């Protein structure tokens, strides 16, 4: 086996675990070696499909023939598995968030950073091809200095109440990707945030203290202003969009439609609708982030791979947004980096 | 002269006065009879161009052969001219705002309402063809109940400091059109507003306590949430856009480009840019609002013609937005209607 | 009266005559002085509306206070009125075609050319803003050498049989604009043409030896190839489009939609339809051609104003296309210029 | 092994052979068993990559454990391998054309049809998702009766002279896909064709009697008219488009752009360009046609799978087009079905 092939243990064989397994199988620089899950039969089925082995989670940390751990298990287990993997010297790809509690996440990260083990946190939307072109255009100066950022994060289908109960809420679960994208695109930090929210589509969220529709405004430290709106369900498909207005122009990552025929009638021109759901839009980004991490492990310098501190800082913004939603006040964001 | 032809006195012969004069000349239901301005020679020139007479402003109120007064003079004169015209029983088309002071505007309106004279306030963007289609689609239920409204009001060229000093600030001068559009489109009232702003393009605004870039979030009384961003100058043309996400779909009035050729090259596909400035986009709405008002005066029932109370309520939102900008807190909007 | 103001006699007060009258009234360099029509009351009504005088057609040629004649009468009268006006030394704007008979048109043109009187023929589509941008891009080299030109001329509403009987057929009446545009855009001449046609929408055309749907291919003298399709009625609005593929890119003048709202639903994204009819798309070009001619009369050098020989050459292509439709063979185009 | 899994012998391991190998490896209903090529080491490499075996071409026909043969070898070998495979009772997926000589292709097909072995010919563009939506809309009556079909087939990169010499020419090699699509979309037959062509991009083609740029018009048996333009190289990406104008509307499969950011500047709005080459646009259709054929072999009824007679009839149109290019006359198409 070539020295640059990473032998990977995958923890978690649910929906996202399966997505990662397919990516690992397709990537020439990785080998899916071990699959672990508390549901052993599910781990077994996934392992068999890709010629891997199913095993106990502690094997992921203890075995010499594992180079990298991919954590795609349930959120409450992330921090502990992350800590064990890093202490065992394994490279780690950890799904976000590190922990729903910012305090706990922070404690873990602070203990692990000195060990200087390569870790990436699953902010895969950084690897959306259109969003990346935004960053390139901004860096090349095509729009001058960013002044106004507008983002929309609109999922198409309301998740189950079970999912929502465990999610940490719209800010920590959904909006957090855009808090990270905002940092990624601008290279700047959020200073303060104001948020308004409501449970319009799923009224049961009110009892959970959560919302399904929200609007946010933010001030960045170098002076730019930003907006974000979130909804848990649209009736028209998955709508993710970012535009950045700068002193010399605007660059936009528009909502993306599926491909198909255009019908011209007297009443109007009808084109295919947006991607039906979040996964059809972001599918490629999982592979792209994995590929970037593997290239980094192979010695290449890869810009903008989200690290542990990126994971923490996005959570700090989510925390402030939650506080604003609850208090009806603007809230300062704690600066962890 | 047919009884439905309105003989109109135009007060103010500056840029907007000239726009209205051209509309009046072209409209079969109106006759531009009198033009008044403190600059008598400018009034004279405009009157001559359209076969009207130039005269003193008091003639607009005192003459029997004047049916309607169109107030397009400088903002500090609006309230007084409005009061005189209404008391003289003339129908009035009054440019916004009624007065920069909400208190003064309110006092004038309260004194005039009992007189039941037809008055419309110049919220001409209600007559933008695309925005009107939004309202029609919403009313016909095409998107279900509105839940999330996103608006952008991005002018292309920074006005002069002289203009800015007299403008009342970005909220009262620019954003106010969108406060009115939000009420118009949703048929709902704004309850509270949070705003962040900065003087990014014209730093001299800081000394005036004004901003040129701002982001706002608002909560409406029936539960929907709204966003608005404003800038005084883009580098890419005039960008006015509104989208309304509802429980059953989304309807959008997109930024509008000029017409022209599409160039396909290896490096990309280039289409004509956005309208170069606000006037090229909104030009038709002045005629459309005038036409709607004249039709109402002719006995037709015209929905959504903005009246005195609409003028006041939009100013109340602007007032709350200013307070939020200054205080860094969310602010309740006073309900005047 | 300023020496550059042209005093114009308008011959013909039907639909197109009324369009020209409105342009003349609005243009600062023209004065509509005289309106002539075989229907005297219609001429009278149009003259009154714009403060002109109605009169006999011979006045257009004989009166000293007429500088320019605009011929918008029925096609069979064009050649005679054109000849009289030119011989009287009047500048002439003549609606196309000069005559349905190419031989007669040619004889008239040959007799008039030596008189060197300014004449323009009504190929107004040369003044479509998008088509003009095509030419500018081509001239600036944006697409390299033109190799392949694709044009569609698709009217939305089938004209009456009365109109069709007098029209000279689809080639001479409808396609002729695009024969002229092809010459205008490429600066090249059509050498040969092949055409297929059918009467699919109005079967009664078969008895007239005419078609309502046709496809053509043409070879140009410098080697480029061109296509044109024509229909007399679409069910989806007016669809006029031209694209030019060159050795370094493509430039396209796309079909144009009306402005309005975009509706996003699960089933697709619906935008406003195309312009409903030809006139709403080409309306502005009448004014633009008149303006160009008036500027030329005022001493300015105006490129690409269609002259008598342009009128003839486009007719020669139409003639060849008719022969191809009838014979089922490719036909050489007679070169008149 | 499940009875519905087809064990496949792939003949040809060049570019298209490799594409098919990847599809076979990914498809659950197929197993790539054998790879044959006159270049044995290339066959060996491809076989190894997907866990198959390399072997002699006669094994594809003689072995019992081969159910299906996929012919992706050089064109001159197609007819012979097809005949051997069919006579051996193997299902066949044969790349187009059956043979460059229509007479030879016809003789082979006539001898094989009575054997009633399942065969599909590689007109993979029938499986383009957008083109398929055209057909669905047409069949559902969304545009009424088709009257005018416009097609463009514009490849981006000029092939090598070696390729061009062996290709059979632009009609038989490139346009043939659109002759088939025209039949597929309309369910109608081409009666006559007129063509003009030129060697504008690669003058060396003139000596080969071939062209790189061509325009065609066609009459269909039920009365509709069609256009097609072809070029071997654009400078702006791969441009494949079809629109069908019917009595009640138009349906269009537009040129497809890559995904990415939209840049708004004063000078215009720039979007990502078209797909860079033909393969990036049509890549998915190879898998889709293979999948359709496998489903048919599995007992499903699959509409519009192109069969041997479809292969022949498209070649007959290409033959007529070549004759028209050479003779400068319209040519009747021989009706083989």
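Per-chain residue numbering starts at 1, and chain names A, B, C and D are given in the order in which the chains are listed.
Definition applied: a residue touches a chain if its C-beta (ideal position, glycine included) is under 8 Å from a C-beta of that chain, and two chains touch if they have at least 3 such contacts.
This structure is a prediction, so every number in the text was calculated from the model and none was measured.
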Exercise. Considering B-D alongside A-D, which chain pair is linked by more C-beta pairs in contact?
Worked result: A-D
Exercise. Centre-to-centre on C-alpha atoms, which chain is most distant from chain C?
Worked result: A
Problem set entry | Where chain A and chain D are represented by their mean Cα positions, the distance between them in whole Å | 41
Seminar exercise, completed: So, in whole Å, the Cα centroid of chain B is separated from that of chain D by 58
For this session: Can you tell me which residues of chain C touch two or more of the remaining chains?
Result: 143, 235-236, 239, 248-250, 264-266
Problem set entry | Residues of chain D defined as touching chain A within the complex | 129-130, 133-134, 137, 142-143, 248-254, 256, 259-266
Exercise. Within the complex, which stretch of chain D touches chain B?
Worked result: 235-237, 239, 257, 264-274
Seminar exercise, completed: Listed in rising order, chain C residues that touch chain D in their complex are 143-144, 147-148, 150, 152, 154, 192, 194-198, 200-201, 213-219, 223-227, 229, 231, 234-236, 239, 245-250, 328-330
